[in-house]
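Each of the next two complexes has subunit A plus one other chain: subunit B in the first, subunit C in the second.
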Partner chain A sequence: MSGPLLSIENLRTYFYSRAKRAFIRSVDGASLDVARGETLGVVGESGSGKTVTALSAAGLVTAAPGVIGGRITLQSNGTARELLDGLERYVRVEEEDGRVVAVEKDERGWRRHAEALMAGVRGKEIAMIFQNPRAALNPYSTVGNQLVETIRLHTGVKGEREAKERAIAWLERVRIDSPRLRFDNFPFGMSGGMCQRAMIAMALSAEPSLLVADEPTTGLDATIQSRIVELLGDLKEETGTATLLISHDISVIQRLSDRVAVMYGGTVVESGRATEVLARDAPARHPYTEALLEAIPSAEAIRNKSYLRAIEGDVLDTIEVPRGCRFYGRCNKVTDAIRERCAGLEPPLAEVSSGHKVRCWLYPTKT
Partner chain B sequence: MSKTILEVTDLRKSFSQFTGLLATLTGDTRVIPAVDGVSFYLRENETVGLVGESGCGKTTVGRTILRLEEPTGGRIVFDGRDITKLSRAELRPLRRDMQMIFQDLDAGLNPAMRVRDILREALTVHERPGDAEIAARIGELLEQVNLKDSKLANFPSELSGGEKRRVGIARVLAVRPRLIVADEPTSALDISIQAQVVNLLRDLQKHLGLTYLFISHDLPLVELVSQKVAVMYLGRIVEMGLAEDIAHRPHHPYTRILWSSLSDKQNIEVSRRVRRTEVERERRAWGVFDFEQPSRGCRFAPRCPLYQQHGRPAVCTDPASEPALHDAGKGHAVACHFA
Partner chain C sequence: MRRFVQTQGPIGEFSALPLLQRAETRDLLYVGYGLLIVALVIASYLMGAFGWLPHDPRQMDVGLINAPALTAGHLLGTDFLGRDLQSRLILGIQAYFLPGLLAIAISVAGGCVLGVLAGYRGGWLAAVVTYIDNLLDSFPRLVLILLVIAAFKADIYAIMIVVGITGMPETANLVSGKIAFLKQKNFIEAAHALGLPAHTVILKHILWLNCRTLLVIQATLGMAEAIIVETSLSYLGFGVQEPTPSWGNMVQAGANYFLQGNFWPSTAPALAILATILGFQLLGDGLNNMLEGKRRRG
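Take a look at the complex of A and B:
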């Protein structure tokens, strides 16, 4: 089999702000790959487009105009499925100077076609876990019944009793105490950490080839967070499910990812092996990644009670995306030699060493 | 040594839960002790960190010492004056001295008012300064929180998270407080902005001689900004001492677990393959605890690794001997039978 399990190429997902009469360019030319069995961590600040990228991949973007361009390919049962195939027919994008000025979209046709493309993919091939597990679980149904439903819908197990046994086994696998009792619990009777476990069980019980985990630990207490991360790590080894892990918490990304993509302002600014991208003294890296790592209080900074190295300025406004590098306004690494290019031309995502790509003019493009 | 600005003794605050009309009529209401006998003090120009998991009562402590909640019991002494029983009118002048930064970025920012008017309102609550003085003070506040003049004409909805936080801080500074309770001041912010705000808060403390009660669940951050740290568990302080000691030489098993769950988060260079250390195993062995009946002996016992190690001693679950804070040397206090 060739190619990565999931490949996202030049994805563009825009929304329209009526108040500002402008397009919000949430995802603006993002490309990333997830290989079979690997965990790709996507890290970035709020508004960097990481969640919208994941939602686009799962076909869950509902607000207009939504996904307006790009390619998403999923390898499924030996065939490559184009998840955005033919959708361009329903969208007309008017550009001026490389900037989108108008989007015309046949929303109903687009959605009908997109649903047809996603049939048998969402939930089955691509399963998701969300930031707020309580909101994603059905409050009117017991955790057990929701699991049974997933199992009977998406796996070969169709018998009720068999599915129930399978569901209990899954509750046990996500280390929920007394799974037989918990089977009959409603989500409101369980703690946040327990709901997150049930969600993970539900997502994995469909035996998906790709798990999309959107901020799975955010909003949980530190002690619970650490245990969920541990659980995800164990399950990854047990099941070998490829994972697209999204988090703003670098330490979570660090502990679970094989490869990392750093997003800023709707695009990927750096990607590569986790050990390389997040190493303290990487030889080449994007100034944004470096600044992010420095903003975390290090053991030394705490000991010396020194000041934190903050990134000046604010998170990029994805309405007024600058012409040049998206990070130019906050970057402290700009030199006179490259200043003009930084301000006027967006750098390409160029390979600096094998498998390690950086979108910055500091590094010469290899040919 | 600088003088004590706030002293809290045996503070209690319980909330009664409405469990139905019949229960109310028969007096059978359920009472949740959110804060259950907390004592500590703050010295002038110092920062005390208050940490614990959500629901442990840390925010309630912050709100109660400012009398935003009525305490159920205990004593709050601010600047040598008992404020536990003061009436609203008597409290009013004191509100200038004690302010709170709320976790919610939008708290205190009227969405219908421009930044200039928000600050003007804060400046004129307690005094009647002239227009020229107001303008000068607004300029000074902007400079203190490092905000551009151009933002004065903006509405809160037009500000970014970091800017909202700065306006919130400027609004608090407008009344020239001495004590600020900062409740999770950075938890709603992105990491890069978090660092800016933490630096700002520390600068302000240095220049204005502020005293902070810094409430947070972010332990490294608390260690960074605080001189002393108190760890809360289910309404009580279980350990208290110098920030450095609490972080690196914790005695109480809960503090250790709290810190270890983090230290493997912090160790960015450590291999990602999580090693099954002893602490990890202990953490897995946690039992379940009953929130509604917490006070049968030590409230941490059901989750406690030491309790298991010592073969479930009776003293830990004896209702008559809930462990009290005892001195462990050098101002370090621990509430545990075995630590």
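Take a look at the complex of A and C:
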């Protein structure tokens, strides 16, 4: 089998903000690859487009105008499925000076076509878990029944009793203790951590090839966070399911990811092996990644009672995308030699070493 | 010297009020009374349908007119033609029972469809449903029904269709409000992410699991409404006509003798109306408190 399991190329997802009377380019030209069995961590500040990228891949964007274009390829049963194939014809975008002024989208045609392309993918090939797991479960149905429902929907197990046994086995696999009792629990009778475990069981029970975990530990308390991270790590070893892990918590990303993509302003500014991108002294790295890493409070900094480092300025509101580098306004690494290029021309995502790509003019492109 | 003893049992469920004044007891009484009335109505409906009546409701007895309750042979007395009131009260249920069910079916089913469209799809549909609801609320229903009768010479089933249709927006509003509430919790989105088809999400996860109590409550309140409409119309002479009994026309017929001191022939059906409507209303109210009020956490 060739190519990565999931490949996102030049994805663009826009929303219209009534308050600002403008189009927000939530995701604007993002490209990601997730290989079979690997965990790709996506980091970035709030508003950098991480979650929307994931929702777009799962076809779950509902707000208008939503996904505009790009390419999403998913390897499924040995064939490559193009999830956005031929959808360009439903959309027309008008742009003026880096500002989107009009988007025409045949919502109905797009949806019909997109749903046809997604058939059998959502939930089955790409499963998803969310933040705030308690709200992600139906409060009026027992955890067990909800788990049985997904098992019967997505696997060959159709019998009531067999599905129940499978469900209990899954509850056990996600380390919910006394799973037989918990099977009949309603979500409000369980802790947030247990609800997240149940959600993970539901997502994985379909035996998907890709698990999208959107901030899976946000909203849980710190010890539970750590347990959930541990569980996700163990389950990845056991099942070999590739994971697209989205988090703004770099320590979570560090513990689980094989590779990391850093997003800023709706696009990927750096990607590479986790050990390289998040290493203490990487030879080459995007100034934004550097700033993010510096913002993590270290034991040393606490001991010295020094101020926590924050990134100057606000996250780019992607209404007006600058002509040059998206990070230019906040970057503290600009040198006079490259200033002109930084301001005027968007740098390409260039390979600085094998598998490590950075979108910055500081590093010479190896072409 | 005072002694303090730690009481057993979960904190928070401790209630200092005497048993009869507690909210739970009250709701239980409401629901119990309501269920009793529902059972009585259904049993009486069946008795009327199969003709199991103590007397022939059309059998006149001129020697025994306007008899009070507990007269020998006539447990609930007789009316101005000496007809057995008990039999006529039982038969009077025929006038509203099936039409009332039709009204409920229309308002609940139609309300669900509109509510799902408004709450799940949202947008202009939601605005339209709310608008129609306000419009119907601001227009007296009985006047609307009288207009329909005047225009189409409508029978009771046609009237109940009108009652059902005018009840739809209220149910729709409740359902769409519930969906809006559910949408804040993202389990609907999560259900889609797990690949559940839209009809499963709507029918099972939204309507069945989350709206069923609400719909049962709407149905009981709808029945009370239907009874009010039917009896009012029959009282006014627009509904069921003599000699077929309806509680409404029985009150009307007895009213002619009311001021002559014969209170019972119109009071009996009036009490039946009161007790029945109260039963359905309290059932709805009690169920609402018991099922909807306490499950709000989660």
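To be clear about the criterion, the second predicted complex is superposed on the first by the 361 of 367 C-alpha atoms of A that agree within 3 Å, B and C clash if a C-alpha of one lies under 4 Å from a C-alpha of the other, contacts with A are read in each partner's own complex, and residues count from 1 in each chain.
Note that in this section contacts are C-beta pairs under 8 Å (C-beta built on N, C-alpha and C of every residue); 3 or more make two chains touch, one makes a residue touch a chain.
Here the structure is a predicted model, which means the values were calculated and not measured.
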item: Subunit B versus subunit C as contact partner of A:139, first or second or both or neither; value: second
item: First (subunit B), second (subunit C), both or neither touched by A:168; value: neither
item: Subunit B or subunit C, by number of subunit A residues touched; value: B
item: Subunit B versus subunit C as contact partner of A:124, first or second or both or neither; value: second
item: Subunit B versus subunit C as contact partner of A:309, first or second or both or neither; value: first
item: Touched partner set for A:58, first subunit B, second subunit C, both or neither; value: second
item: First (subunit B), second (subunit C), both or neither touched by A:202; value: second
item: Subunit A contact footprint on subunit B (complex, rising order); value: 53-54, 160-163, 190-196, 198-199, 202, 217, 219-221, 223-224, 247, 257-258, 261-262, 264-266, 268-269, 272-274, 280, 283-284, 288
item: For the subunit A and subunit C complex, residues of the former touching the latter; value: 58, 60, 122-124, 127-128, 130, 132, 134-141, 149-150, 153-154, 186-188, 199, 202-203, 206
item: Contact set on subunit C toward subunit A in their complex; value: 184-187, 189-196, 200, 205, 209-210, 295, 297-298
item: Complex contacts: residues of subunit A adjacent to subunit B; value: 45-46, 175, 177, 221-227, 229-230, 233, 248-252, 254-257, 274, 278-280, 291-293, 295-297, 299, 301-302, 305, 307-312, 314-315
